[in-house]
């Protein structure tokens, strides 16, 4: 087994080992050791990720691992129409796109593991928590490293299972278990569509290997099977439908509009879980899926515009719902939904590297914000309602500074990461080939409004927690260094993160990320150029939206006073807190009728069919009974039967011979 | 031909008499009449020996046995309503249909040889001829019939012999049996028996 | 060698009749393990010779048996699960009262192995009906209150289907005027028959297999069978293994009548998809654990039927894989319910009433007192709803993939069962294991682990390294698919 | 007048003669010897006859110019009849006190009836067949009214009256057939029918029809079956056992001979026979569903089985004869066995309420197990002989193209499972309610075990027997 | 010479009358008489056919049937006497306790 090919494949194996060890021997380990073990394993994976990154960055082709085995039965009819058995191989591939994702996952994952050691201090299920976290990291790595859709699907559902386990970590409370169950079921709806997408892809391309599909646009040889000129024209119907299925799958996982109700409830899990899974990694799996199958989406204009529109609508929906939330984590949850909308706009517009760029930057500052709210909750003894907080600037100095950096970053203020990625998104949608004549500009405008709102609610979040006087009745104290160190690292990343994707006007090849992802996720063709001054105006407008948002929010708070939650009282506030009533409509429109039908079917099946069969059974028995009545016991009645039988038969014969 | 018509009419009259007379004796006597007419018919059909056997065995022995049993049981007139009133008309209709169909098929019979040559081989059905066929070509049925008569005799004896069965178990069951035999009989018998 | 495997269980069942208590238990377990070992030897040594001697030469019936790919896999699962269940049963306290289970289970095992090995249609029919008798006796002797109603219902359904199949078996031999009932000889001849006769003969076979699968209109006996069975779950496990409808379709009905199969394909695919959805949907609101598992089984069988009727090699291979391994994890769920019931009913009265313990939601929050037990149950539930990485996923995914090539609409309907099954599985799991603790139960002891570890190992191993099982299925699926010209 | 020496070949009639001799001894000896000795004597006699029949296998002898032929068909049926009679004799020993069959004449008449049945089976001449038929019928008339109870007398009377009526029809049928062909020998009739100058096809058809009705009555095919439930329930159980097994088999022997050999090419009787079979299958099985008395249920089930064997009559002689013979062999074992169990369990000859069987599985395991064997085999569950029998009959009928009837037979046999399963269910799955008397002595137990073993062996290794039957094919 | 058809027709008519008689009369003995009548009809047919075919076998068959009838009468009357001696009437409908 040559070493350099299979080294990267070890990445998911290490956390999986950690999970196994902690599940079996976790109980008899004293408090911090499971945390340390888990974190060190994730750190080792991070090292492997860096080694992989170094190994793969010069290569053009993806690096395939050689240790493969048959996983799924598959038959393909070759040129002569004869069925050839070509089972799907369980294998991994590392290319530029997946190596970036591995870096994000293992990097942020490691930081959150360290933070969690402090956060989960004293919890009864300490080792169980870290077992599940390691399991999640392993599954996410499988998802990212998979070289075929079914193996990707293993990671896909694996992270679903991990999120189910982690959301319902404190299972004794009915609310948490219900939230976990709801998350899993909504994810499963998305997975069902993803499955349908995979089947349609196999039907059109006769293979489920991602790289073969991406490279099969235009006629190309599919190694040792057949040379089929794919004839899959640009925008042909099966391609569009497949892309749509993939979109719905991604929407399920990344909580986009039709299937976005589960993410806010997922906050029931511990905060490191929300940070890792529901901010940085799992929810971005949908974006990764679209970026990974760039070949399909680049050749499916209709579907891509759908992706953009869903992204835009979700962004607006997320932003509007986040404004009036009172729970510190719910605000960030809706903010994540809105930011994910942004990423979908990016990948929908055809600039896949922009999507990944925002995934990276968002991972930094959203993880930072979640962890800082974690340390705030930890400091005020578990209180999550922002109305009971305020004035923590003095008591929690480090958390305050890092939260300020995070807020400015997400708002998109100039030097920080958020600014660059948000600007790249807006300019890419402005010039996108899929924008058509109207929708490109409309979505750009929505993007601006959302940038304004984002800055607004983030500033509200910052000021309600840190400015004004302390309204709660606990006595907050700064968290220990094991929690603040990751915060500082994340803060640094949020500041520096933006520089990997500098805008074009600073020079042609200054943007490292676009160049790096040239082969792994090439942009769709047909981006129309805009002059330099056009770009400058776009950047200016984006910056203006961000600053305006912050000033507007300061003005509102100054007007109604930092302690009064002025915005919440208005009817609009109430609608926003209820997340535009989407959740309630789902319950009424979908789950209630489904439950009712199920009960009726159960009744019909256990009793209805029984009566039917029962009726048939005693029907025959009744026939039997009537026969015994005919058995009257009189000799002459029997003789009559004999005589009539003879008469009829002989008569029949006579007639027959007569006719 | 005239002889045949007379004999046929007599036979049918006798048959109708057997089935219509209420009292047993009259129907038995009318049956004897039919048998005698049939014997005469056998003579016309070149079966003299059979005719005599018919008269002696059938009319003589069997009918005497019948009359003897009818006397023995001196059963009174049939009384009470017929539990199956619908049987009579249906039976008559069925009988007529049967008779018509059979008669019709009978007239479809095509004689294989002409009568004269066939009757010659019969040698008039004299005892000698019949005896010869009986003991040569027809020996097995002849012997087999002996078993039939043997079992008839033993059967009749055992039926009678049943009563004084000498084992105690049966004793009890038989008394017990006969009593309840009548008790449930009369109750279940729809026809009210005139004591 | 093959007869040893088939008839060892029956032999030891008879011996077991004369023994009592622990002796009978150990003899029976030894018999099951012996046949499992022998089947494994056949697998490793790749013996697939066809053994054929005349049974009734006058009527053209031959005793021809062989273990080729799929039948070997199913035989392995059957022998493994029977030995595990018998070991589990010997651990139970109430196994003294229900000692008859051992010989009956072994008799049924012989029947099942006979079904999988038979290559002669009449021999297949004899084993197919003969296996019904021990199952009926298990239900009748050790069932619950209204077990006789369930018993008669199951008997009538199976016999009706069986006899229709018998008539079509006879007609097949006559129409194709082949000298014997041997599958290989009939195989070539029946495909030349005209479509109309083929369809009638095909329907005769499908009638019997639809009862055994079960498919929608003929499934009514299944919930009662499982609900009324002995609470230890041994009879349920044997019942799950006795779902041989799918195998029968693959081995006899489809290859013998390819034209009819293609002609009626869409009807049966929609029916199968509907059965899958129907089963999962009802499972959501069934009150009793046994009924829930019965409907879950019904939903699995709907998927197996979908795979089989897709006539697509991937679909068929997936259906066989699913059929084999659902025998492992669905039966395991029945054992879990049995263990649960034993723990909750400290004073096991032998009065055969539906014990409260099996009602969903009667007890809650058991995970607090038995986390490992809860973990094992969760893994098995995930396997049963087809979470990747476990054996269920491979079968389900290939069934959907194959069926989609044949009929996308029916598959779309069937894929929705994935959602419904997630719903009912997690709801049931949450009602008993999670939420606030109402009762505490003792954790799994060494003997329970001894039973559960092999099952978990098989489910996980074949979920990831499924290659070895697929290699078993490949040749015969390739042959049948070639004949059927599946897309 | 040349005296043609009759060709009498005693060797070919050995089994028939042995039975006859035993009957004669059984008539004379009871004055000197105890009743049990007579039973032993008759059993020995039957065994000797059995040995003789097996000895004569494949010899194909005939005597009386072919009127009596001991070919494999006749010997096969002879063996089945002797086995049926043996079972009746053995099971009558234990219940003699209660069953009212104490008189010695019981065995004499039984053996005469058996000789009648053997004559019927090996006759190739209409008149000899008629005589055998009558000897058997008279014997059974007497036997069924043997008990001095109202029920038995009523049964005897009904059977006699209807039997007389039916035999009159049979004789008229024989007359018409003679009229049409001029021959009594079965082969002779067939050649006459096939010969070019055969003119009276309509007479022959009506004659065939009358014979069909005569035999239909004796074999208890619907609508002529109505006497069976009453007579079977009324008669003593041992006699019912003998009637349902040996008499039915012998009647079918005659049925097969006449319609398989003689009237094979006469048209007109096939369609009515199909109609009769369909009616029998339905009425037999449906009526049995609702019966609460085990004896009456077995009566209706024997009517149903007449329907199955009727299918064999329809099928071509080559397959029909051997499958009918095999089926009747199996039927004898399982039905006689079931009646034997019923016999020892009931306190009187009115039969047994099925409900009272509850809990028999635990109280009397041997009886329950053997009865379960017999009922499962009657229902046609595979591993047992009943299934093989049914299968052979179904494939014989199917090969001659009667698919409709075969499917009907399959469905009705599925319905039959319901009423066969009920007693088994009660025996094993219900607690005991009433205490049943147990008259079973050692001899009945051995008999039951042998019958059950026979049923199982004929199920598992049918070839041993069926192979021999190949030679029955004409 | 009278043609055989007429004899057969007469036999048929006698046979049907016997059958009808069997069903209408309610006394056991009279029903038995009708059976005897039917047998005689059959004998007549046989004798007629024996003349048509010129074969004495049929006449000896009639001879056999005669003895058969005699035996049947012996047994039949035996049973009738055994049964109806203890009963007031020979009405056959009395015997209807076995039914259903």
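Order of writing sets the chain letters: A, B, C, D and E. Residues in each chain are counted from 1.
Just so it is clear, a residue touches a chain if its C-beta (ideal position, glycine included) is under 8 Å from a C-beta of that chain, and two chains touch if they have at least 3 such contacts.
Values in this document were obtained by computation on a predicted structure and should not be read as measured data.
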Practice item. Give me the fewest steps it takes to get from subunit B to subunit D if each step has to go to a chain it touches. Key: 1
**Study point:** Chains in simultaneous contact with subunit B and subunit E
**Key:** A, D
Revision key, fill the gap. Chain with Cα centroid nearest the overall Cα mean is chain C
Review point. Counting only C-alpha atoms to place each centre, which chain is farthest from subunit E?
Key: A
Exercise for review: Compute the centre of every chain as the mean of its C-alpha atoms, then state which one is farthest from the centre of subunit B.
Suggested key: A
Study note, to complete from the structure: Taking each chain's mean CA coordinate, subunit A and subunit B are separated, in whole Å, by 100
Practice item. Would you kindly tell me how far, in whole Å, the mean C-alpha position of subunit E lies from that of subunit D? Key: 26
Practice item. Quick one: report the Å distance separating subunit C from subunit E, using the average Cα coordinate of each chain. Key: 66
Review point. Hey, how far is the Cα centre of subunit A from the one of subunit C, in Å?
Key: 36
Revision key, fill the gap. The positions of subunit D in contact with two or more other chains are 127, 131, 134, 138, 141-142, 145, 150, 153, 157-158, 161, 165, 169, 179, 182, 202, 206, 229-230, 418
Practice item. Spell out, as numbers or ranges, the residues of subunit A touching 2 or more other chains. Key: 617, 628, 631-637, 639-640, 643-644, 646, 650, 653-654, 657
Exercise for review: Would you pick out the residues of subunit C that each touch at least 2 other chains?
Suggested key: 156
**Study point:** Interchain contacts (touch definition) - all pairs
**Key:** A-B, A-C, A-D, A-E, B-D, B-E, C-D, D-E
Practice item. Under the touch definition given earlier, write down the residues of subunit D that touch subunit C in their complex. Key: 322, 376, 381-383, 387-388, 391-392, 394-395, 398-399, 403, 406-407, 410-411, 413-414, 417-418, 421, 425, 428-430, 462-463, 466-467, 469-470
Point to revise | subunit D - residues contacting subunit A, complex | key: 157-158, 161-162, 165-166, 169, 202, 205-206, 209-210, 212-213, 216-217, 223-224, 226-227, 229-230, 268, 272, 283, 286-291, 415, 418
**Study point:** Residue ranges of subunit A in contact with subunit B within the complex
**Key:** 632, 634, 636-637, 640, 643-644, 646-647, 650-651, 653-654, 657-658
Review point. In their shared complex, at which residues does subunit B touch subunit A?
Key: 83-84, 87, 90-91, 94-95, 97-98, 101-102, 104-105, 108
Point to revise | subunit E-touching residues of subunit A, taken from the complex the two chains share | key: 628-629, 631-636, 639-640, 643, 646
